[in-house]
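One chain, chain A, links the two complexes that follow: it is found with chain B in the first and with chain C in the second.
Then we have the complex of A and B:
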């Protein structure tokens, strides 16, 4: 499913990278630990996290992730926005908590990364 | 993403290219004294729907299928072209940028414009929307082929360099304790390897390993250096710092074991997985460290003879099983 469709279906607010919503989301991954994301999220995954600092951009682009969704109404830091814009990386925000968002993604047909 | 890029590429070309590069030079023309009844044959034979009217080399008018139909309707059998043609002709100069032609087509809705030489005023060609499209496609193809050639050259750099041993060395200085710059070095290294045309799996493994190593320098040390050596068949990295050193390397390699302070963990780092991630990406890894003296991490990633990922790569295996 295209990222743009997910954004629309789950009413996510796009904060950065709105030009790159045409990407195909291949899976979802939820974690707040950088190395864990690097180890387990595959290219094309949508990453759900609470972390809002600028290093999430490096982790996402290093792993060629489709985008990042910040949960619980968290907003990206200013530096995070600047870096994400420079990389063209989509960052979305939602009021939903992590578990809730993951569940809704699942019901849209986005599954996790197989262990 | 691709659409956005190719759109700007076409825009760029439309400004860069001139009318004369896409126009048809071999123009079918008629003379003012040509009888209207001959037009049918001229249009049919040349598969055109309009043509400039010239006297000598100079443009005096334009006659189109529409004028022809009007003539048929008026039943003035013996008229000459000069009595039916449009005299006040909109033209383009051969040296105008293509974007002028595009906007003129948009504004006026005509099917073609005669092209004249700015200095001499002579007719030198005709331009249609089809000419513009064909011209742009030709240019895009030429540029595409040039890009392919360049990419080929980049990826075969080791074949083209004549030496007994070839090695490219890239050095990056990592600032310790600096989370703003963290990850910069590995993303620069990644860009460099991409530019060299290394295969994406290898590039990704090097990038991940160097990112984790860089983060270790940022979190635990006052800074250090990453040296990446690219040579035929392998990429090796030396990551050196003069920081606190690792007391128990075996323990440090256990997944989840970490000595990172709480504030670092709050950022999502120091989860005790960094070295494991490096190990997963590397074909060979060695840590030389003693407390107080700093750490030297050696990593090798094999690229194989044909630029493919090394055989021992677990990363490569797991990413290929992902595709199933």
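Then we have the complex of A and C:
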């Protein structure tokens, strides 16, 4: 499913990388430990986290993730926004907590493991 | 882990200087410093601060006033009150181990300070900022954030086991025991070539200044 479609369906607010919503989201991954994300998140995944530190941008780029959704109403730090804009990386925010967002993504057919 | 027992055990272990870092609090530091003075063991005043990314950062200070200013900021940025039934008592003691009272804030939690703000707050008060047990998944910088953030002005990184590494990411590497129990005191330590076990001397050793340095053993 295209990222733009997910943004629309789940009413996510796009904070950065709005020019790259055409990306295909192939999976989902949820974790707040960045060492774990580097080790386990597959390319094309949409990453759900509550970490707002600038390092999330490099982690997402390194693992070729489709984008990041910040949950619980958290907003990216200024440095994070600057880095994400430079990389063209989509960062979205939602008031929903992690569990709820993951459930709604799953309902849309986004799975965490390869089919 | 009362002041006189900490000092006694550190001396028995042959340590020349110790640092004291309670979690998000420094209310017991003065007592350990005074207990150390009684036994001629230098004690460096410090605190282990949890950033909002849940990274542990050690702050060490040359005087207790600087440390207490950082404690004021940390307390302001901490949420919640301690429930002694759940998390245990957070007692405040004097240098003779008498219980004076307790800290009410929930010290186990994270502050709302970012990692960068935490390091800046330590530096603004004249302290040294050292990322604690960076290799551990829980509360270690690498576990939480994956890699060292660009331009983070740390003074050193600390690893749990004794390290022979001479540096990491251009930062000095130190190792401390992170002792939560008397038995753990001195299990890991760092050897500095310095005039004395004092904050200024260790600050110079971390910067490789005036012949002061870390000695790899």
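Some notes on this structure:
In this section, the second predicted complex is superposed on the first by the 113 of 115 C-alpha atoms of A that agree within 3 Å, B and C clash if a C-alpha of one lies under 4 Å from a C-alpha of the other, contacts with A are read in each partner's own complex, and residues count from 1 in each chain.
Everything below uses one rule, namely that a residue touches a chain if its C-beta (ideal position, glycine included) is under 8 Å from a C-beta of that chain, and two chains touch if they have at least 3 such contacts.
Keep in mind that this is a model prediction, so the values were computed, not measured.
Steric overlap between chain B and chain C is present once the structures are superposed on chain A. Once the two complexes are laid over each other on the shared chain, residue contacts for A:19 go to chain B alone; chain C is not touched.
Once the two complexes are overlaid on the shared chain, A:77 sits against chain C while remaining clear of chain B. By the touch criterion defined above, A:33 lies against chain B and chain C together after alignment on the C-alpha atoms of chain A. In the superposed model, A:8 makes contact with neither chain B nor chain C.
Once the two structures are superposed, chain B and chain C can be ranked by residues of chain A touched, with B on top.
Contacts of A:53 after superposition: both chain B and chain C are touched. Once the two structures sit on top of each other via chain A, chain B runs into chain C at 150-158, and not at any other stretch of 150-158, 186-194 or 204-212. Within chain A, the residues touched by chain B in the first complex and by chain C in the second are 32-35, 38, 51, 53-55, 58-59. Of all residues in chain A, only 19-20, 22-23, 32-36, 38-39, 42-43, 49, 51, 53-56, 58-59, 61-64, 79, 88, 114 touch chain B in the complex they form. Residues 53, 114-115, 137, 142-147, 149-150 of chain C are the ones touching chain A in the complex. Of all residues in chain B, only 1, 3-4, 179-180, 182-183, 186-187, 190, 204, 207-208, 211-212, 215, 267-269, 271-274, 276-277, 280, 319, 322 touch chain A in the complex they form.
Across the complex, chain A meets chain C through its residues 32-35, 37-38, 51, 53-55, 58-59, 77.
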